[in-house]
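In order of appearance the chains are A, B, C and D, and numbering begins at 1 in each one.
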Amino acid sequence: MKKEKIAGIIKEQKQIATGIFDLWVTAPTIAGGAKPGQFVSLYTEDASKLLPRPISICEVDKEDGSLRLVYRVTGANTGTEQFSRLQKGDTLQLMGPLGNGFMSELPGTALLIGGGIGIPPMVELAKNRMDKNLIVSGYRDETFLQEDLEKYGECFVATEDGSVGTKGTVIDAIKAEGLKADIIYACGPTPMLLAIKEYAASAGITQCYLSLEEKMACGVGACLACVCGSKEKDEHSQVHNKRVCKEGPVFSAWEVEL
Amino acid sequence: MRSLAVKIAGVELKNPVMTASGTFGSGEEYSEFVDLNKLGAVVTKGVANVPWEGNPTPRIAETYGGMMNAIGLQNPGIDVFIKRDLPFLQQFDTKIIVNVCGRTTEDYLEVVERLGDEQVDLLEINVSCPNVKHGGIAFGQDPACLSEITAKIKKVAKQPIIMKLSPNVTDITEMAKAAEAAGADALSLINTLTGMKIDIHRKSFALANKTGGVSGPAIKPIAVRMVYQVAQATRLPIIGMGGIATPEDGIEFMLAGATGISVGTANFYNPQTTEEVINGLASYLEQYGHESIEEIIGAVK
Amino acid sequence: MRSLAVKIAGVELKNPVMTASGTFGSGEEYSEFVDLNKLGAVVTKGVANVPWEGNPTPRIAETYGGMMNAIGLQNPGIDVFIKRDLPFLQQFDTKIIVNVCGRTTEDYLEVVERLGDEQVDLLEINVSCPNVKHGGIAFGQDPACLSEITAKIKKVAKQPIIMKLSPNVTDITEMAKAAEAAGADALSLINTLTGMKIDIHRKSFALANKTGGVSGPAIKPIAVRMVYQVAQATRLPIIGMGGIATPEDGIEFMLAGATGISVGTANFYNPQTTEEVINGLASYLEQYGHESIEEIIGAVK
Amino acid sequence: MKKEKIAGIIKEQKQIATGIFDLWVTAPTIAGGAKPGQFVSLYTEDASKLLPRPISICEVDKEDGSLRLVYRVTGANTGTEQFSRLQKGDTLQLMGPLGNGFMSELPGTALLIGGGIGIPPMVELAKNRMDKNLIVSGYRDETFLQEDLEKYGECFVATEDGSVGTKGTVIDAIKAEGLKADIIYACGPTPMLLAIKEYAASAGITQCYLSLEEKMACGVGACLACVCGSKEKDEHSQVHNKRVCKEGPVFSAWEVEL
């Protein structure tokens, strides 16, 4: 699918949890080709902030030509804070769809594991899958997107403080609930991904796909900012580096070093 | 039709606008956004004799009106470059400038020799990357080293050579004159300015490499100054860069004395920048009644 | 109450925040906006032995995320400064740092001697102004010259001397070490980076002086890098500056190794910056449980 | 009067001629102390543009606590272009009142001469004067503010193309109309001010006050960016330089070198 940089139009935006915003933006050319697990680069209107903010595609409405993005405001005076002030009708520069995305068509029961702000891409992934979804979400405390996820699979929650679901990590929840699957799809903080990789190895789940994060400048594979270590020599780079924005953000757990 | 064509070291470019090394991959990545046939030249990411891993991540950070990078010249090496990247670029009606990097003089010479029989128009020699710990930076910050490596490369190069200068020096004209005296055919400037960013919450460096090269609009005034100084001090054609994001920026560099202009960081946030600059140059010639873009090179008074 | 006090060359400042020379006049002009009693120190505009006319106008231009100036050190001379400006500042409960400039070594020595008997806490010696054609810049770009002038000034100075370094050098640590070896008590960095802007419609320089010094947020990463490098290379206390506009910026400089921090260009567009930085430092200590601001000096890892 | 930097609120803005905008901004603390011929520094919201845009005070409504500013958009992507997009209710950072202003109380018949974007300050000046005002405005072609000026004096116009009033300069208009006065107040481009200075000398009008322009950084006398040459040694600077933002922008024609 051709990538484009366009001015999207905000359809609606609301806060769905403390510091978590839920934005629908009309961007037909991007929505048309978007796959679960892909992302878009968002650009601020602030002339002092030039780099893109990569945000995963949470949901796509192809008919309407719009995208749903769910993101966290990371602090004061950040780009995400600026996005959070956008209102219906405002424009938002964005580029996409970027990255490879999840292979949603794999047959078998899948564990869809999201941690914190890694949860949003699981919505579109769950929606696109034909087979059984077991959706495990890890939060610090406050939950979000559970209603959306429940439409597409059986949902399990872990919270650090135990306020909802299993107290502990997503792995704790998987073990507590005795969940079994053929496939793992995961997105979240690196420590969580590391734990999942270990768990998959021990549980013998060979189809384990992780969505990674790295700082980006171009988002299209040109600048080599966003690499992760790869186990084998990467074909493009000829070294043990893969580009998260281009070969990723989704990698087989076995091909990358976290 | 007013002429946008310029000549750099005997090579005629259909217009002065090119891509800054390292910001446009091998050309392929941005070919979805830009018609490469429209560009004066594509300058490739730096290539070495063997593949380089580059630096650990984070490799970039945002700075006020710019960015900082410490990619560390990751590259697939000259073999794959010749087999894969060059043939891709050769499909287009644009000039090809290959950016060459190395850790030792021998590294540079090997790459330059390997490129000798390839369809490449110009070689840009990066002696100024601030992110490589061994070699690299030293060449570009000491006139004697610069002179030596320039002369050695010139001896083996089949294409004209452009020496790319570091701005992290006390006197840029001294470096430019050293390169000129040693046989350089053209000069590129500026490479990035060495900077640092600290994450105050983690009390740690924003880049794994601690320091990185600052680029983007923030550094433009420094780049324009250096281009002007070098244009006054040498007779070599100059490829000017550092923060070019609009046609006006590009014109500013040409008035200061640049024959070619490269767009770097701006590609990242506006992939259409090169085309916009080309169009803007044409309108400017129109507006001020210049027949050819060459009339504005160094025309500041 | 967590302590914001810092010591520079034996002088205790109630907090590390001061004004960068030349951006705060003699203190009087901004006293309507800022309570000078709150500042760690006021650093005055550079003063010479005799009045200086400065450069022709335009003396400033806006640049992306910053500005460029070529004021040319216009100043009323040491006589009027001592009679008028010093008594004004002495009314306040803040330290006074007088910035000294000159065209020749003798000029500097004369000013330093004249200030010997005045109630002035520290002297900041500007050997780095890029806008003065005779002398000035040379001192700050050559380690031998810097060393010589530092030693001579140190001999006659009754107050501790802070050498203010130019960033327009290949290796800032070499300059810092030269100043340290010659007896400097502290270092200020950075002064402005030499830049140029061209008005593309008039095809002329934006500044009458052609070049000017770039300051403001755009140059911050370069300044932070130099402060860090100098902090690693010398034992002298450092006053860091270059683009400080927020508390976060100031903290970044302190983590890099600065003991004092100066606000320059930001005063022009937010006269409250110094006070905001002071308040922000206090909150940061609170947030991360530091008892004293001294704990964060050079604390980056 | 104490200077302040505040967030003013736009009351209304309209375009009154090609590229000329007429803005009322609520800024009570500034309006309270403002005098004719003083100016304010306007700040953009664009993080790449940090310096002030000095704009003369065109009119003051002290009761309402608002200021009128009339300014020209100087080009694409400029600060003034950004101001021209401000709408009712938007905020605008501004500092003032700055500079000395005109001595409006001088007795006698006065020529108030404005050229182009130097015309706006003449409105508040004319309004504040007690004695007779002869108001001469020079335009390239299109006129503006004439209705406002007519309320406070006898108005004369010069246009470069002769489309309105005298064809030629303000001096041509003064001569054509045979205007005589005791005082001159003028604001406009330097060539016009030079011509007025010469005219005043030849006509023996010793009370001649010119409002100057220069690039500014601080607007409060701290940075020494905005100087003009002075005939005598200036008391503050001890050299032949005066600060336009502090000792000016209004100077006696005889004390400055243009």
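We adopt the following convention: a contact is a pair of C-beta atoms (placed from the backbone, for glycine too) under 8 Å apart; a residue touches a chain by one contact, two chains touch by 3 or more.
Bear in mind that the values here come from a model prediction, so they are computed numbers and not experimental data.
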If a chain touches subunit A and subunit C alike, it appears here: B, D
Chain located farthest away, centre of subunit C as origin (C-alpha): A
Centre-of-Cα separation between subunit C and subunit B, whole angstrom: 34
Computed distance of Cα centres, subunit D from subunit A, in Å: 56
Centre distance in Å when subunit A and subunit B are each reduced to the mean of their C-alpha atoms: 35
Residue numbers of subunit A (touch at least two other chains): 47-49
Set of subunit C residues in contact with two or more other chains: 64-66, 217
Contact set on subunit B toward subunit C in their complex: 63-66, 68, 141, 168-171, 193-198, 200, 203-205, 210-211, 214, 217-222, 224-225, 228, 243, 248, 251-252, 255-256, 284, 296, 299-301
Interface residues, subunit D side, partner subunit C - complex: 2-3, 5, 43, 47-52, 95, 214-228, 236-241, 246
Residue ranges of subunit D touching subunit A (in the complex, touch as defined): 46-49
Subunit B residues touching subunit A - in the complex, by the definition given at the top: 22-25, 29-30, 32-33, 45, 51-54, 57-62, 64-67, 69, 71, 74, 76-77, 80, 216-217, 265, 267-272
